[in-house]
Structure formats: structure tokens, C-alpha cells
Amino acid sequence: MMGRMLRFSLFGESHGRVVGVLIEGVPPGIKVNLEKMKAELERRKGIRRFSTKRRENDEPVILSGVFNGFTTGFPIAVIIENKDVDSSYYEEIKNTPRPGHSDYTAKIKYFGFNDYRGGGFFSGRLTAGIVIAGYFAKEILAKAGIEVKAYIKSIGNIKAKDLSVEEIFISKNSFCPDEEAFQKMLEEMERARKEGDSVGGVVEVVAINVPPGIGGPYDEDLEGDLAKAFFAIPAVKGVEFGLGFKLAELRGSEANDPFVVKDGKIMTETNNCGGILGGISNGMPIVARIAFKPTPSIYKPQRTVDLEKMEETEIKLRGRFDSCIVPKALPVIEAMMALILADHLLRWLSWKGLMSLGKR
Amino acid sequence: MMGRMLRFSLFGESHGRVVGVLIEGVPPGIKVNLEKMKAELERRKGIRRFSTKRRENDEPVILSGVFNGFTTGFPIAVIIENKDVDSSYYEEIKNTPRPGHSDYTAKIKYFGFNDYRGGGFFSGRLTAGIVIAGYFAKEILAKAGIEVKAYIKSIGNIKAKDLSVEEIFISKNSFCPDEEAFQKMLEEMERARKEGDSVGGVVEVVAINVPPGIGGPYDEDLEGDLAKAFFAIPAVKGVEFGLGFKLAELRGSEANDPFVVKDGKIMTETNNCGGILGGISNGMPIVARIAFKPTPSIYKPQRTVDLEKMEETEIKLRGRFDSCIVPKALPVIEAMMALILADHLLRWLSWKGLMSLGKR
Amino acid sequence: MMGRMLRFSLFGESHGRVVGVLIEGVPPGIKVNLEKMKAELERRKGIRRFSTKRRENDEPVILSGVFNGFTTGFPIAVIIENKDVDSSYYEEIKNTPRPGHSDYTAKIKYFGFNDYRGGGFFSGRLTAGIVIAGYFAKEILAKAGIEVKAYIKSIGNIKAKDLSVEEIFISKNSFCPDEEAFQKMLEEMERARKEGDSVGGVVEVVAINVPPGIGGPYDEDLEGDLAKAFFAIPAVKGVEFGLGFKLAELRGSEANDPFVVKDGKIMTETNNCGGILGGISNGMPIVARIAFKPTPSIYKPQRTVDLEKMEETEIKLRGRFDSCIVPKALPVIEAMMALILADHLLRWLSWKGLMSLGKR
Amino acid sequence: MMGRMLRFSLFGESHGRVVGVLIEGVPPGIKVNLEKMKAELERRKGIRRFSTKRRENDEPVILSGVFNGFTTGFPIAVIIENKDVDSSYYEEIKNTPRPGHSDYTAKIKYFGFNDYRGGGFFSGRLTAGIVIAGYFAKEILAKAGIEVKAYIKSIGNIKAKDLSVEEIFISKNSFCPDEEAFQKMLEEMERARKEGDSVGGVVEVVAINVPPGIGGPYDEDLEGDLAKAFFAIPAVKGVEFGLGFKLAELRGSEANDPFVVKDGKIMTETNNCGGILGGISNGMPIVARIAFKPTPSIYKPQRTVDLEKMEETEIKLRGRFDSCIVPKALPVIEAMMALILADHLLRWLSWKGLMSLGKR
């Protein structure tokens, strides 16, 4: 369970009956557009060529919380049935944990009772539930005019050039607004694929029209809640806001964003802080970057340990793996950002409501 | 309030009566060594030359939860009185928010009722409470043999060389085990100070002897909880684990850590993942890096907006500012890591306890 | 979401697709006996004659969190499909709230978007999810030897005589150990049924073998958590522990339970406090009584308001109603008690685990 | 920590340095009237004759979260120093737990490390913190016109007659609006006092002007949250709403409250349900009754066990005890009700705010 006013919990396993999500605290009266939800799920399949060959229809079934086409305010449970499941292989490797995977740590933590088939609860497939929850969060944000967009910032060493927020939002390329870089990224992913290897990358996500005043210090910190949400996504190993790690190299006089007045509104001239000061939105676009390690499942032989014999061995994986998961991560990152922003928006509306009571 | 089994909340203001912390869920029977707690607080003062000239004795007063020198298991409240307070200056600038600070966002979020003097609740001074809470967490971890150590990885563009975990833990330099780099860091901080400017940096933190199996997926993700805790510290703008952002540039075959057997135990040959796989500790050292932006308070003139007149203006700050907060952040980072690890250790002990019941 | 270490959330609607429950924090390695779970669900149907004529097979489908017959430690989602649904009638009465029901308050709170058919999320049918969650909790408690049993204490004015804990646990009558009183209770329920009316009653629940030390003060108070869980059950209007309201009439010298030594263990001679002192179990049986109001759905004409015309009117309900829900509440009450005790048991095992670490 | 939007935690010990409270989530801009807060604390001293002879000035010191006379929106810590402390006696009885007290269970749960002096954290003295938190909650409720009032319903067998909500709120007797019964209650308390005994009683609490729509089902249930809050108060053993346990004896046709229209508003003719249907306020007065057992500390000799020798013994308490705590409980009960209602009011304002966004 994550969140305070808007809360969600994932359930399901990669090779189990379903993957699903329970979302609590969605306000009533939100019109549910199943086609939009499915379109988000479709985006989560990424670029076919570089994605697992497992083919799932990903038909979301809303079990509760929606009535006559609108949210009711009660818990919303949504599931997707798993259909294209082939678990035979995982029996073979259940004692030889795949390097870079949760196989070993899951076995320890769950005393060997975890469903190891296809990664079980740790599978990237669980992110379908995040995307579904994110759909509802995006509809909440839409009421306040807030929009969220993620794109690929880099694949391996191929980096997109710096882009304005406008360029990011108007781009027709749904993966990367820098077309030239994107072609090179495709080539890099192809190289990794051909080598039987995988490659990592960085996603940048931007939220616009967030009013100033969302978030707070310490346990209410917007950066902290966003980071926790991003790190919950499999393969994420780094999160930064604004200039992020680059800021550590700067002087204060370079890093500080001067306040200016534009069109009668307070803004900052630059946005080095990524739209968040003191854990609170300042009205500028919120900008985060998220680093994904390369998917650990590769076709090259790898060294590991046979846990039964307690001796070193080599495994060569067979199966259906992604050579790069970064393209499929875009709607997941957007969903997580939307969920956190919607939760904080709802908290903020509470105080605003009380202030207006006080004025009467 | 952060945490589930071990929980803490900060309170107080920079120029108010006190700063303090309330810690709930500390198990009974932990011997309280006030001298060790004070030593941690002393570390939080950093390097005098580059720290604020405000001089506080930082004498912690335990209000509750400790009896006959041991924790009782009840909420522990600890306060430090503020003594060396000079607020006059903040009245002058209360309508001209300092760039890079929370002045503007706090004013919006709290409808103008926030205590703006010295940053109020957003002040770095509040981190004294984190250090105090962290003291108790470290004592909990000590029972399981877990140790945490943070050091300066970089100041501006000066970076410490790569160091082994052993080198980090045995170093007698409490700021940076790379003596040569440390001298250059001091020079860089001195340059920033002389220019009336500030400079950022990166902290690396390492935890050793963490048993495999601590943490979990999604809302139990160790990386997520650590990141949320780190981002709660003022001026943090980036967090990464293991190779972090560097991993996004690698191939899977380079990134994956091979499992090996050493001394009859499962280990990984490399530690690119920073000791965490699937959100769960794998028994290797847990390694994180945290990026700090330069302190926003500098003596150079800066552009801002007069919020009453809604027109652009310039401010030149007077006051007592840090030219670099990275040295003082070390015990704060350690405290946050200790708090999160202790919380997860307590959760893990619960399941372990049930498993052993089942065996009887 | 209720609970800290063991947590559960209900979802579904009376006339929607399913009712279900998500349970988080169930430790791995618990053998799942579906027949036992179904037997509990069967008990929830109560005494056929006095229960709704709606006939549901109540076949629980475990969607996640169980693998090879054991819990995995991951979220467990279980659903029951709704099959025997007839909603036509509820369209007729959607603007004339049934007295004593949540129809009116739900409409207001959810701005008219709630699923009003059959009470929607407020239906007693949702308690099937509680019983399922309770099944897992009971299996956790079984590892510590803890057992929970509920029985009917009264129906209308017919009261069971006072019974020893032994009599309660060995009785073969699954509704009430006092056979004589039970016959009169059946007659009283029959009278209510024939009159087209309903009747309330009181359930007593007892937990045995709870070790001393479970619970705590304030937010950890066992009585408080149990009461919150009991009041969550539809139609509950009162909760008391030990002698409960009767204690308010006594002197301290009558109410206090003297401590005695029996078989080398500390016990109390009487159990007026119901096994809980200071919010913590004292090792004696935990005893609570829960008051159920009569089901609000009756066949007699009732006065209400037409919410569209805003004028008073009369309704005469048609449909399939319980004349007494007390018999069906027994497994629900047990489930709630088991869930709270298991959550607190898990918290307690955490501290115990740390104490034993400290001893090494 | 209790609550979601408005949260509070108690700390301190009866014979420790302070008792105190940390309150999080209080919105900014609430004018703080210290005299009103002190007046509430004064009420908590009850009727001098029947209260402990311990004399504390109970001067609340606000440590944080209030600036220029208004709440800031940040955590509010308030403490009261303990001054009139005499702990010598408690050393004598630390191995002979007082019957009816938490002495034994606290010792077990906290492995003997609890502060046993004067009951430590379990002391009624801790309720001062509840009253302080409740003061802020009452100010929040005042913005919505909501008022809360508690009075003594019974002492021992002496019961106040049934009173209208108007009579309760206009009464000048701050303990009980039924003057005649109150005189008898005083006599009953005097009898208990003279006998060296104590006596229990029942408090009724009423909230008026609560808008319909506050609360929700299951974990949002207003009855459940109120009950949890009430049971957190020492000596509470029963809680009921509306007719409470009496409802279990009635038929549905007697219990259901008919809806009527009065002054263009929906009301119910009777209020048997105590203003709550389905866990949600229905706009009628919210009415709860809370049963207090007699204070366990009495002067009569009592049987207990010497925990060191593990043998039965007798104790005769010396010290300063209340002969009846019911009069002092009134502001505590009001505070708890105010805290829960304010928390739920803030949640409700959030959804209301979103609905109005949707309308633009």
C-alpha cells in the first residue's frame, strides 16, 4: 500500500492466475474510459522488437469500484488474466539464481515459498497494475489541468539532446522527441539484442501545470514520495530531480533559480531545481530522471551458484526476454508520477477547503 | 511520521524554542549512551570554517521513553533548545524569497502562516532530530552487527577515488578516506567561501553486515524507503544505488553481479547493484550515493521578486551561512540509513519469529 | 486497509461482479486449506430459515499469493463471484432511502455515484472477504496455539446463561453453547420473521492461549484495534470487554481481578477485565461482546423521504432479507478478532526477536 | 500515531520529566487561544474532592508549530512539566502488580524496562496530551460550526435521566445537566471515597452540526475510529452509539429511524442510530456512550502476586488516588471525539474540493 489519500497495492504473479491492483481513495464521479486505460497498457508493451516474445492481450477487468461508467469512491480492483504462460523452464533454474535478478534475495526473504516462475511478484509484468492505477490518477490530475509525460533520455551511451518542455509535450514520437537520437537508440538496442545482451537507459518525466504548494517537508516531501514510487519499479537504480547529480558540481550562484514575474505570475528563470523547493512544487514543470539498469535476463552465459550444492556453476538462460525495458517503462513512470501527484493534490485540496470554510 | 515498526517525526523551527524529534517503536532494553548521541550531534556541525557561524551547544534533552538508562519501549521525545538565534534579518526579507530556498513554496503552501525565520521547519537545523533518532537506530542495528558509514565522495568537481569497503571503514579521516582528494576538497570549499558563494557535493554511504532478506518489493522496497529518507534531507537532489546512473550506460553482461561462494557463504563477485536486488538486501554492503546541491544561501547578489509589489528586485543576503553543507550531512545520511534499516530489520525479525514458532 | 504488519482491504459490491479481499503481510509458508476456508464461508450463511433467500455458492478463488499450496509472503487476493443477483428492485427505491440503512449517507458521501444496488459496498455480503482474511489470520494464530470462538449471547431479550470458557469451546452447538436458550432464540427469530420484522442480538467472542504482552497503549491498544474491527462490521452498535458496561456500576474492590499463581503461572482469579489490562493481553482469555442492531431491511411499511421531491413518503420493501443476522455474524466476528490478534502477534514477535539477538 | 490527515502521538510518563503530545497535520492559520487550552486542561482535573491529591499546575508549553499566535501547518509539540512527583512508593510495589492495573502486562510486554512509577506511560496523566490535541481539533471543527459536549451519564448505579440535545448543550452544570441526579452522583462518589474504594461510570458525548457525509465504511468507519480513540483512554471498557446495546433487544421496526423533512432538510424522527449509518454521519447529532471501570487504585487491601518470589501476597496501596475518574474524563472524551471528527472532516473537504474543481 502506497499513498495517504490515494492508495494502491499490487498483487499477482508473472505466471500465476492474474496480475492486478487495488486502488483506494479514488474520489467518486470520475468518468472511466476503458479505451484510454487499454491504450496506456498497450504503451507498456514497448517496442515489439526489443520486448519479450510473451504475448498477452492485457485486457483489464474492473472487478469493483466503478458503476454506470463512473468511479464510485469505493476500492477499485482491476485484474488482467495471464494467458501466455510457459513455466517449465523456471523449474530448471530454481536453484541457480540469475545474476542481477531477485531470484536469490526473494528465496531468502520468503524462506523458499515465493513463486519463482518468471520472477513471480518481482516480474516487470506487475507494472501493468501500476499503469492501471496511474490511469485513474491521471484522470484526477486532469481535473486540475495537470499533465505528465515521460520520454527516453538515453539508451546506453546514446543521449537525447536537451529539449524544452514544449518540445517534449508536442512531439509526435511517443518514445523520444529527439528523432535523430531516437534512431541511434534503436540501433543501440538492436546491437544489444543481436549480442544476446541487454542495455540500460534513462527516462525523463515532466509534469506541467502543477500548482505551487503541492508537497511538504520530510514525510510529505514530493521528491521523497516520487523517488520511493520510482524505485519501486523493477530495474530502477537512480533518481534525480532538476539538474540532479550535476547540481553537486555547481556553485550556489549557478544553481539557484532566480525568481521572475511573467504574465503576472511568479516563475523562475531557470528550472535547475526541477520544480520542487523544500519538497513543495513551485509552479514550474516538475522534472525527474530515472536510471534503469539493463535487464538482468540475457542470453550470454553467466556465473552463478547452485544453491543446493553450494558450488559455483554457469547458466545460459533460455526464455523470452527484453533486450531493453526502457521503452516500456515510459507509461509506468508516468503512472507513478501521476499517483503521487494526485495523492498530494488531494491532501492540498483538504487544507484549501478548510481555509475557505474559515473565510465564510 | 516515517517508518512502520520504527517511526519518527521531527518538530521545531530554526528560530523557535526548540528542535526535536519523536521516535516511536524503539524496542525496550537498549542502553542509552548520551555521550555517543552527543558525539553524533557534534559531527553534524561539520567543518567549522565552512559552516554557519551560529553557535549552538546542541545539548539533547530526553523528555520521555528512557528510564534508568535504558529505552522503555515507549515514545522517545528528545529536544534541543535554540539559543543563538538572531531573527531580525528575516523580517527584512520575508517578502523577497531567496532563490533556491523554500521561502516561496512554504509561503504558498502554508498560506503565509509559516515561521519564515531562518527557514523555520525547513532549516537544516531540523536534521539534529534525525541524528538523534538515528542514534537509537544505530543501537538497534548494533545488536545485529550492522554498521553504517558515510563519507564525502565529491565536492564540486573534486572526486574521491574509488575505495574498498575496508578502506572506508578503517579510515581515520572522518570526512573522506581519500586524504589527497580531501585536501583538494577543502581548497574547493575555501574558494567558494571566499567568493561569497557555496558549493555542492556527493555523499556515499555504506552499510555492512546487513543480512540477506531485508526489504521487499514495491512499498517494502529498501531502495525506495532509503531514497524517501534521503530526499527528506534538505538540499538532496539525487539518489542512486550501486553504480546507479552509470548502470544505464552498461550492458547486462557488464552490470550483472555473478554469484560466488566465499567461506561457505553466497556472495557476489562485484557489487554493481549496491547490495540490493528486487528491493531486498543480498548480504553484500549496501551502497548509496546522495547528491547535494550547493546551499542556496550565498553572499552574492541575486535576482528575486518582491511578493508584495509583484516586481522583480535584487537581494544581497546578510547572515550566517554554510559555504558547504556536505561535511555536516554525513551523520544525517548515516542516521537516515540506520533508521530505514532498523525499521526493516524489525519487520524481518517478526517473520523469522513466526517461522521458528512454526517449527516447534 | 486495516492493520500494520498484517493488513487487509475489502473490495466488491453486493450486486457487482465480485466481492473480494486483499491481504498483505501474511508470512510465507502457511499451508492453505481451501476446505477450511470454505467451511468458514459456509458458517457465514447462518441459519437458512432466518437468512436472505439469495443463494450464492461462495466459491473463493485465490488470485495471488499462494503457490504450491503455501502462502508466499506476497499480497493474497481472493474473490467470490456474485451470481444470484437481482437488482431490478433497487432502481425503484434509489430515491427513497431505507430507514436504518446506509442508503442516504452513502448517497451524500459519494455524491450519488455509489452503487446502491443491494447496499453496494455496505452490504453484509462484503463480510465474506473478512472471513477469508480471517482464515489466514487463524492459521497464523494456530502456530502460537491461539484459538478464537464466537457464539450468540442473546437474541432480542433472550439471553444465554453465563458459561465457562471450557463450556464455550467444547460445545457442539456451533451457534450457542446454552442449548435451552438457543431453542428460545430460534423461536424469537421465528416470531420476528413471521411479523415481517427483524431482531437484533449480542455476540460474545473469546480468544484463548493468547500470551501475555500482546498489544500496547494508545494507538497499539488491543481493545481499540478490536473495537475498530468490530464496528467495521455492518449493524454493530456496541462493543465491550470483560464485564464491559457492567463495570461502570461496580466498585474497584469488586472489579479488580486479584492476581494468583496457578501451575507456576501468573493468572487472575476472576476475568472481569476480559483478558486485557492497559491495552495489553494478560494471558487470560480475551472476552468481548458485540451488539448488533436488528437488520434494517424489514417487510413492514416504513416512513422515509423521496429525495427527488423532498417530501415524506412510505416504502414497503420487497426483496430477500435476513430476519436476524446474528447467527451469520459469528465467523465474521471471529475473523476480525483473529486478524487483529495476528497483527499484534507479529509485532510482538519482532521485539522478541530483537531481545534474543541482544542476548547472543 | 492515530489519524490520517490529522494525526497525534502522546509521549511522557507520569513521574518522568514531562507529559506531552505531537500533533501533525493541523492546517495553518488557526488562531491559538492559550487560555482556552488551559481551561480545557483545568476541566481535566475533575472534582477536587474525588481526584488525586497530586497538584500539578499543568502549564502547557508550545514547543513548535505556532508562530505569531497562529498555527503554521507544521508539527505542533506541546509539553507539560511534571513537578509534584513522589516516586518513592513505587519502588516498594514494583514486584507486586496492582490488580486491575497495567503494572503486570506492561512489565511483560516491555521486558521489565518500562517506567513503572505512577503507571508511567499508562497513567491517566497522559490524557493531558489528548486534551491539548483536542483543543486544536475543536478549533478546526469550529470553522465548520461543529460542537462537542460530554457529560456524566452515570456513576455506579446512579443514572442521569434522558435529556434532549438542547438540554445537554445549554446546561450550566459542566458535569451533568440533570442536577438532581448529579447530587446523588456526588454522594455515591463520596461513599466510595470514604470506603477507600473507587467507583465507575458512564460518559455520554454528543456532537452537533456535523454535516452528513463524514466517515465511510470499514477502515473509514466513524464508529470504528471513535471507538478506537475512546478505548485508548485508560479505564474504558465499553463503547456504544445511539441506543447501543439496547438496540440488540429491539425489532427493526422499533430501531429504524424514519426519515423526515424538517425546514427543507432531511432528518430522522428519532436518533436511535446515534447519527451514524453505514459508518457515515447522517446530519443528526452523533451520540456515543463510554463505560469507565472504577479506578483500580484503591486503599482496600488486595490480593496479588510477588513476581520475584512467584507467590501470592496482599498489598495495601498508599499514595494519592482518584476515587472516581469519570468527572475528569469529560474533556478527554470530547477531545478524542473532536480529533476523529476533525480528521474525517479534512478527508471530506478533500473530495469536496475535487468535485468543485470538476465543475469548473
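Order of writing sets the labels: A, B, C and D. Residues in every chain begin at 1.
FYI, a contact is a pair of C-beta atoms (placed from the backbone, for glycine too) under 8 Å apart; a residue touches a chain by one contact, two chains touch by 3 or more.
What you are looking at is a predicted structure, and each value in this text was computed from that prediction instead of being measured.
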Reference chain B; chain at largest CA-centroid distance: C
Winner on C-beta contact pairs when B-D is weighed against B-C: B-D
Between chain D and chain C, distance of the C-alpha-averaged centres to the nearest whole Å: 25
Averaged-CA centre spacing for the pair chain C and chain B, given as whole angstrom: 44
Separation of mean Cα positions, chain D and chain B [Å, integer]: 38
Shared-contact residues (touching 2 or more other chains) in chain D: 1, 9-10, 28-29, 73-74, 109, 111, 121, 217, 351, 355
Interfacial residue positions of chain A with respect to chain C in the complex: 1, 7, 9-13, 16-18, 20, 22, 24, 28-29, 61-65, 67, 70-77, 79, 109-115, 120-121
Residue ranges of chain C touching chain B (in the complex, touch as defined): 4-5, 27-29, 73-74, 140, 143-144, 217, 345-347, 349-355, 357-358
Residues on chain D engaged by chain C in the complex (per definition of touch): 1-2, 9-10, 97, 99-102, 104-106, 108-109, 111, 121-122, 126, 154, 156-157, 192, 195, 197-202, 212-219, 221, 223-225, 227-232, 234, 236-245, 247-261, 264, 266, 268-269, 272-274, 276-282, 291-298, 300, 302-305, 307, 310-312, 348, 351, 355
